[in-house]
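Several structures are given next for inspection.
Presented sequentially are two complexes of chain A, the first with chain B as partner and the second with chain C.
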Partner chain A sequence: MDQRPFLRIFTMPAVLCALGFVAAMAAVLQYSLRAYIPGSLDAGGFTLVNFLDLLKPLYARVFLDTVLICALTAIITLLVGYPLAYALVQIERPMIKSAMLVIIVTPLFLGEVVRTYSWIIVLGNNGFINSLLRGLGLIEQPVQFMFTTSGVVVALVHVTLPVMVIMLAAGLSHIDRDYQRAAESLGAGPIRTFLTVTLPLSMPGVMAGVTTAFAWTFSAFATPQMIGGGRVNMVSNLVYQLGLSSFNFPFAASLCVAGLALTIAVLSILGLASRPFKKMGSH
Partner chain B sequence: MTPRSTYQRLLGYAGWLVVILILGFLILPAAVVTIAAFNDKAILSFPPQAWSWRWFERALAYPDFRTGFQNGLIVTAWSSSIALIIGAMFAFVVDRYQFAFKRVIEGVLVSPLVIPHFTVGLGFLILAAQIGWSRGFSVVVACHVVLVLPFVLRSVYVSLRNLDPSYELAAASLGATPLRVLLTITVPLLLPGLVSGWLFAAILSFNEFTASLFVTSQRTQTLPVAMYNYVREFADPSMAALSVMYIVATAILIAFANRFLGLGKVLNIEQSH
Partner chain C sequence: MRRFWLALFTLLLSVPAQAQDKLVVSIWGGSWRDLIAETVAKKFTAETGVAVDFVTGGTIDRLNKEKLAKGNPESDITFTTSHVGWLYANDGLFETLDTSKIPNAKNLADEARISPYHLGAWAYVYTIGYRADLLKDVKFESWNDLWKPELKGKLAAPDFDPSHIIVVAAMLSGADAAHWEQGEDKLKALKPNFKAFYTNDANSQQLLASGETPLQIVLSMNAYYMIGQGVPITLAIPKEGAVLGIDTVAIMKGSKKADLAYKFINTLYDPEIQAEIARLKKGSPAVLNAKLDPEIAKLPGVFTTAEQWKQQINIDAKLRAEKTSEWRKWFTENIMN
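Here is the complex of A and B:
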């Protein structure tokens, strides 16, 4: 009798799905190496010209800005997300815990458009913050948040925060509480216990969170598009402009490939950096 | 417990204050957009001078939002159901059996988690153009299936891990065929995981924007795409009203999912003791 009765039938659809996805990614890779024929969706012969064009200051600048925005967002999200994740894991009352979880997780499922639109209303020149500051008599002229890097980063932090909190909470929740109890019973105060026991043990979660936050921010499109308004450009915005406005698929594809290579490089560096922490916290 | 000193209590209060401020930051945009949605004037102002429901009426009557909503339902129903079937079957065999290329297939299927959605969207757009795939609903559905599948897999893995194999062994030892064990024991026991996996997939698919922008056409545009186009052209609070409906519906679904399966378990953040 066959010991694996469902194996072939059950893997077939997944294999087809994986093949379809690989075909789509292969299409990107192939187009990135083909020449652009203006006015046509078809691509020309094989060439490296797209990748050479990426080195032009205009495009290199966008890559640099993207990496800076991603790094800034990841660091701020970590600093803001850590206390929240810590509280989420510590809280024992199921009601409060559930309420916090729903508040944290809901934005994750709202989609970028709704969340970014909300931030436009918060940050706009007639928006909430400027009206508040004007009402308090603190400012005469509105503070410009829209179309600035700081405005984009604030909204991106909000977009990335839920996933960071989830990653950090996963790391924190798997720390054996006996370690903290041991430190406390030996006379360490709460701050010392946190700094010498909890924080080092949560480093795997921190590295996972930062890595994911970086990848998510890199993938963000609606936020830089709507809040940056063309003045703050990330790789995603460039891909959109080239792909759907100019129909220059080959160059858009080469941007995607370079972006993917960049993400993989950054993620590998972060992975190497977190290797010393991998052994800690496991028991 | 040792009695807490004043210092420790103050530290606790300070910690809570920080947590409440951060939760406030998370809620702020939703709160502000709600106020804006009930503002009677077409131009944004805080605090609003007069209140009205008219932007909700306008949002519900706006044709692009209506077709976007219908298209979204079509895409979501197909993609989350297909992803659930593919994902549940695959998660089951991955959990139970060893087979060739298991890790490779699994790796490919979860890779959309780290590949930017604009890259996935462009990929399907180019693929469709290359093989003469008409840009109807099927391209959008295929793209969404790939994007939500990692979440379905995750959800089903969690329930499989919590499944007690002795029920299946008992049924098999009593002479039930493998298919019968699967249908009468395994699937019913996995039901909460399957339902929550489907629910997460559906919410994600309905809200997916970046990849959808690439693969949808005028005829197949989903609600987030219609919303994006609206914000580019108009500035009135109809979009705020729609956002409020969105936020409320999503929060209710999430609270429901939390009741049904426990988000803590799915997200792997339950405290280990």
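Here is the complex of A and C:
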């Protein structure tokens, strides 16, 4: 007798979704290998010219910038998120814990465009930060945050932070408190206990958070588009600028395929590099 | 109970019948949809008793949807920009128009007769808009004034369409849109003056209102909207002319309500409706017999005579449709990055 009589029925939605994704990716791939016909929506015959165009230094630079922005965002999010996640796990009063959680996850409930506009208000030449600095007499001329990589990264950290904190908190909450107590009973102070016990044991959560933040940031569009103002571009912005807004769908598809390949490559490297750290967490 | 089922059955039958009676118009959302709903659609419904339904979305979304629905269009009428209209037409998505069924079209400006498939609905210009309060002692009499060194890091332009400044640079270099390459060096010389590139009208408004980019190549209608909101913008029309933009209307091929669609377009060209559109959007009527409020008629970028239309820089819509990708790519590679 079949031990799992409903297996096929329950897996059917997942299979259908997977087929849909595969079909969409196949369509993008075939489009990337077709020629663009000026003034037409139809694609021409098969060609490699779209991928050859990607070899221009500009595109290499944008791909490199994208990786840099993703890496910076992931690292800064980790540095900001770790103390928050640690506090979230350590605090025992449910009211404070719930309040913290609500504040941390709120950015996820705001639309990307609304959130980005709010950052424009904060980072602009006449925005909150510059007004504050001017009011305190610290600057005379506004500091340029808009249309810079730092401005884009700050806004991206804001949206990546909730995901990072939730993943880190999940990792930290799985650490057996007995290990920390054992370290303390052997004379280790709080800092030493954290550095030699808690931090190594939380590495699987850290690596999962960094990997997710990196991949999450790679697909960012509205934030680099609006805060970057065309001066800071990521792969998704190029897809919009060169493909969608000028109807060159084959070139847009080739950018997507190259972006996907880059993401897979970077995440694979990250996965390999994180193996020793993940082992630290096995207990 | 039997009465309930009968009522439900009747209701279900009546829903598709009602939908059949509607004329479906595809247009951008927000104020554009409202503009048509409050002017053309209102009059059309009053005259024919046929309701108008709207399909709204971005330029590319609507184009892609209609391409996928080729032969069985989602809408009967489409509003889109003149060069994008050529993409519809080249793909066989537009009906060839029989202008004898649009009597009011006889008053169209020559420039608004875009193709046998689509006609201008209204016009606007892309020109120089600036914050005179932030750019003191700067005058813009020619497009050449954008190249002034004191404007370094002040200028913004649309990132979705660089055709305006590309053609202007070509003209200032003694060439035209078809030979735009001759303006490449001129445009490269403008690079230091660019501070940012805006994504849409809202982004343009935000950058001008905050003073982040006090100088823009801006859509006239958008500038007038901001002026109405209290942003002190000055709109300059250079001596070479501003860059003409035309939004167009067309009937979708395969529409089962072509006769109603013709009536709708004829209503669009009613001089009173055109004057109302001009009043609401501060744009140009597409017909020459619209009687505009003198306050509207005197605005830069609003044309009431054939001569005024001809004074503008008019990029051939078909050429623009063919060159958009090439221009966009060159601009991204050489100016934006």
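What to note about this one:
Going forward, the second predicted complex is superposed on the first by the 259 of 283 C-alpha atoms of A that agree within 3 Å, B and C clash if a C-alpha of one lies under 4 Å from a C-alpha of the other, contacts with A are read in each partner's own complex, and residues count from 1 in each chain.
Criterion: a residue touches a chain if its C-beta (ideal position, glycine included) is under 8 Å from a C-beta of that chain, and two chains touch if they have at least 3 such contacts.
For clarity, every value in this text was computed on a predicted model and none was experimentally measured.
Superposition note: with chain A as the common reference, chain B and chain C are in steric clash. Of the two partner chains placed by superposition, A:Ala261 touches none, neither chain B nor chain C. Touch criterion met: A:Gly111 reaches chain B, while chain C stays clear of it.
Chain A is touched at more residues by one of its partners, and among chain B and chain C that partner is B. Once the two complexes are overlaid on the shared chain, A:Leu79 sits clear of chain B and of chain C alike. In the superposition on chain A, A:Leu68 makes contact with neither chain B nor chain C. Once chain A of one complex is fitted onto chain A of the other, the partner contacts of A:His174 are limited to chain B, with no touch recorded for chain C. Judged by the touch definition given at the top, the superposed model places A:Ser98 against chain B, while chain C stays out of reach.
When the shared chain is aligned, chain B and chain C each come close enough to touch A:Asn126.
When the shared chain is aligned, no partner comes close enough to touch A:Ala60: not chain B, not chain C.
Within the superposed three-chain model, A:Leu41 lies in touch with chain B and with chain C [touch as defined at top]. When both complexes are aligned on chain A, the segment of chain C among 199-207, 235-243 or 325-333 whose C-alpha atoms clash with chain B is 199-207. On chain A, the patch touched by chain B and the patch touched by chain C overlap at residues 41, 117, 120, 124, 126-127, 226, 244. Listed in rising order, the residues of chain B touching chain A in the complex are 8, 11, 15-16, 18-19, 22-23, 25-30, 32-33, 35-36, 43-47, 85-87, 89-90, 92-93, 96-97, 99, 105, 108-109, 111-112, 114-120, 122-127, 129-130, 142-143, 145-146, 149, 178-179, 182, 200, 203-204, 207-210, 213-214, 224, 227-228, 231, 239-240, 243, 246-247, 250-251, 253-255, 258, 263-264, 267-273. Listed in rising order, the residues of chain A touching chain B in the complex are 4-7, 9-11, 13-15, 17-18, 20-25, 27-28, 31, 41, 80-81, 83-84, 87-89, 97-98, 100-107, 109-115, 117-122, 124, 126-128, 131-132, 135, 158, 161-162, 166, 169-170, 172-174, 176-177, 189-191, 215, 218-219, 221-222, 226, 236, 239-240, 243-244, 249, 252-253, 256, 259-260, 263, 267. Here chain A touches chain C in the complex through residues 36, 38-42, 56, 58, 61-62, 117, 120, 124-127, 146-147, 225-226, 229-231, 233, 238, 241-242, 244-248, 251, going by the rule given at the top.
Taken in their complex, chain C has these residues touching chain A: 60, 63, 67, 86-87, 90-91, 156, 159-161, 195-199, 203, 206-207, 210-212, 318, 321-329, 332-333, 336-337.
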